[in-house]
Amino acid sequence: MPTLEEIAGALGRPVLGDGTITFRRAAEPSVAGPDDLALAMSEAYADALRSSQARIAILWDGADPTEFGLDGAITVTRARLAMARLTGALDRWPEWGAGIHPTAVVAEDARLGPGTVVGAHAVIGPRVSIGAKAAIGPQVCIEADARIGDDALIHARVTIGARVTIGDRFICQPGAVIGGDGFSFVTPEESRVEQARASLGSEVGAGAQSWTRIHSLGAVAIGDDVEVGANATIDRGTVEDTRIGRGTKIDNLVHIGHNLKIGEDCLICGQVGFAGSTVVGDRVVLAGQVGVSDNIEIGDDVVAGGASKIFRRVRSGEVLWGNPAQKMETEVGLQKALRRLPRWGQQLAELRAARKETGDG
Amino acid sequence: MPTLEEIAGALGRPVLGDGTITFRRAAEPSVAGPDDLALAMSEAYADALRSSQARIAILWDGADPTEFGLDGAITVTRARLAMARLTGALDRWPEWGAGIHPTAVVAEDARLGPGTVVGAHAVIGPRVSIGAKAAIGPQVCIEADARIGDDALIHARVTIGARVTIGDRFICQPGAVIGGDGFSFVTPEESRVEQARASLGSEVGAGAQSWTRIHSLGAVAIGDDVEVGANATIDRGTVEDTRIGRGTKIDNLVHIGHNLKIGEDCLICGQVGFAGSTVVGDRVVLAGQVGVSDNIEIGDDVVAGGASKIFRRVRSGEVLWGNPAQKMETEVGLQKALRRLPRWGQQLAELRAARKETGDG
Amino acid sequence: MPTLEEIAGALGRPVLGDGTITFRRAAEPSVAGPDDLALAMSEAYADALRSSQARIAILWDGADPTEFGLDGAITVTRARLAMARLTGALDRWPEWGAGIHPTAVVAEDARLGPGTVVGAHAVIGPRVSIGAKAAIGPQVCIEADARIGDDALIHARVTIGARVTIGDRFICQPGAVIGGDGFSFVTPEESRVEQARASLGSEVGAGAQSWTRIHSLGAVAIGDDVEVGANATIDRGTVEDTRIGRGTKIDNLVHIGHNLKIGEDCLICGQVGFAGSTVVGDRVVLAGQVGVSDNIEIGDDVVAGGASKIFRRVRSGEVLWGNPAQKMETEVGLQKALRRLPRWGQQLAELRAARKETGDG
């Protein structure tokens, strides 16, 4: 069991009171027992803390532990950052055993760095290279010639396709598929989709067409410190690799099409989808269910609100919302106007009626 | 092969005619052969039934089997409820063998109840507890300390993370991931997203930022009689568990973020997504592709139409639709107004032109 | 290493210059090295090609290889079609070994055609039938009585449920689930959803309800030449099979509900979702994140733009966009009007003020 002192070390803050007290788990003040560390990093928890059974706590900056009858405490300034350090210190490592599980199928010419663990029923293909101290979960499949850096944490049932390259400290949640084939088809004749795009939908002929596959010769290239969520999918590029920049975090069920180039330190939330060949800058933040059209360019430092659908080029620094996505202040203005729209319709009808009456028309 | 009498028992209704007739499968009247049970639970099937080869049928309330030349029939009042009972009686159990498959990897200290089946290449981690008569499909992965109740039916390739707890009669479709890590990151400085939220998008500074991970110490706690769809994902909580209440049904590709508290008897349809830390009441029904923002509260008995995007607190009993979601009648009114909008624009221009003409301006 | 001549054969075009030159990979002109084949199928690449190190290239129709200092070239007319043939010729086959991997679990009564490969840790159930020259990837699960045609390419970790039937030349990306149970529930009493639909949301009673499962007795029936994307899900039908017609291509994370009937040669892009029991015609193209309501009919040759939400019957040949989806030209008109809406509001207010002033009101 960890001590309060150890946590203080992780947080880089002094202990107020007794640092030797151990605890079973961190918990909110209202449910924390006498063996727990209460998390009360904002003054909103003050009342709950007063009636809490906890003897030790993490408190907001300026709080006085003695006021709450605590035997030990640590105060912190930025709560979410403290949460990052605290949870990092308390997180438990998966129990996948040591070394290569006897049921794993590892190609003879695959190279695994020292300290790397491979779980039960994992499959590691020819010439795969994995760095040191990586943890490869049960039932993971890593195909031929893939290269993964040091300190990877790849959870159960992830698939990493042939020739995919990934940097250091990669974290991947279960079920993600990195390196599926791109969705790219062509018809021998100009297709109805091409016609619809060219004519904005006004002239589209019918008629038979069937789809011929454009194969994906490229792979996926992922930088250092990237995370990928559960059941997310990242497709390989057609000729060059699909690219995900250093530090970018990708949430569950995100779909990243072929040929995407995504920059560094982006945050891509749950169920976001990118059609193919789009270029995304650095530090872009897309909220859940955002959709991004194909073959467009998204600049740096773009932020898009939940469920925004982006159909056009976005300049660096723009903050977007809506479907179709537009500058957030424009969208907020539009939504205000829409709330008034039924009343405006009535007012317009009144004006027209009045005009008729006065014989203006 | 089942007899008509057995089905009558499952439906709690008497047989009209010969109950000893057996059948190969249930089928719509138009495709049912002489060995099939025709399903004609509404009068709309009357014509198809007249020309059907079927000798036995399930009919709507009040129908006369002799009119259709049937040798046996059962009439039912509520068709969909009858379908539930009928399909339950006819469904076939997966063929995963008996006991623990020799290729499954089961930790020595895992405890499995009597009658529980574990399929090929499944992996069951340390101290896992599974109740009686559970069926764990091929290639399922259940990680350390997870606890699952009696009568579970967990299909192939499901992942259940460490310390997840699940009640009795759990049904889970292939590929679902229960207990991936939450998507929660923080920047050392205030992030551009926090600024965008605070200023509604009007003032956001650029500049470098990289993301520090908030680990997920909590697990997922799921009540009795819950179902989870194929490739759906449910993330663990940061400190407390993410919670899914008794009787709630979750469809394919649904994303449930960290710290969600979802109530009982909810129906969450395909591709719905919840951002983190939202609280959802009981008997909530969300149609396909609905999105729910983070940190909001959805009351009991809420219904949201397809693709609604919910950005605000929703009171119990509200029926919502649209993006952003609003009361359904307001949304329906808005959509009517929008259809008239181009015409209104024209009328407005006419009024303005007339006013100029008459010298009012 | 392939020769330029071999590629010319695949493209059905003559070599200009030296066809015996071999190359390591295809690449864009700007990154192509002296051992690479430069892809410059449009004049836009002319400048990049001039400074490229490549000695051989695929060029646009009418280009003169000597102008770019190339030793060999092929010119093509339709670039995307040429890409299909070129990438098909250069794609590499997965390295899953030959025959049945010793760790695969194949039922004694399963039948596999000649030349079929089964990867490590795959599970093939009782009475499964797979045609000739199929490649079944690692950790794939194919359940009892499923039938798959010749030349299938089924990537790692795909699940194919019991009794599913699939034609020839099936291609399936990792993690797809074909044949999960449909999401179909009923309440003993009329449910609040049924009430909300009937009353368009105006009258819905509260009160307890819990969900009874309608089991899925049907399977999924898939035609020849179908592709399914990574982590996509296709549910089985309630009584009859869910159907996907010949030549239809389905992208990543698509959700296809129970009882769908999808026609031939459709293109269903990433994250599209279909609620149950809808009928879709031939050659329908749905862009990413489109949603389709349950129990409606979509005709042939329909095209829907990104994130369209389709709530109504769609006639053959319609081109749709928006939420709710409408004819694309109507939607484009609406979006134009919406951009003017705040200004219209102001103009309306001015007219009303002027009218008050002139004493008309």
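Structure notes:
When the chains are written out, they are named A, B and C in that same order, and each has its own residue count from 1.
Simple rule for what comes next: a residue touches a chain if its C-beta (ideal position, glycine included) is under 8 Å from a C-beta of that chain, and two chains touch if they have at least 3 such contacts.
Keep in mind the model is a prediction, meaning the values are calculated, not measured.
Between the two copies, chain A and chain C, the Cα superposition rotates by 120°, quoted to the nearest 5. Here chain A and chain B face each other with different sets of residues for the most part; under half of the interface numbers are shared between them. Distance between chain A and chain B, defined via averaged C-alpha coordinates, is recorded as 23 Å. Multi-chain contact residues of chain A, defined as those touching 2 or more other chains: 103, 121, 139, 157, 175, 231, 253, 271, 289, 323, 338, 341, 344, 348, 351. Chain C makes touch with chain B in their complex at residues 103, 105, 121, 123, 125-126, 139, 141, 143-144, 157, 159, 161-162, 175, 177, 180-181, 183, 185-186, 188, 191-193, 196, 200-202, 204, 206-217, 231, 233, 235, 238-240, 253, 255, 257, 271, 273, 275, 289, 291, 293, 309, 311, 323-324, 333-334, 337-338, 340-341, 344, 347-348, 351, 354, 358. Across the interface of their complex, chain A is touched by residues 25-28, 31, 39, 78, 80-81, 83-85, 87-88, 90-92, 94-95, 101, 103, 119-121, 137-139, 155-157, 171, 173-175, 225, 227, 229-231, 247, 249, 251-253, 265, 267, 269-271, 283, 285, 287-289, 300-301, 303, 305-307, 316-317, 319, 321, 323, 327-329, 332, 335, 338, 341-342, 344-345, 348, 351-352, 355, 360-361 of chain C.
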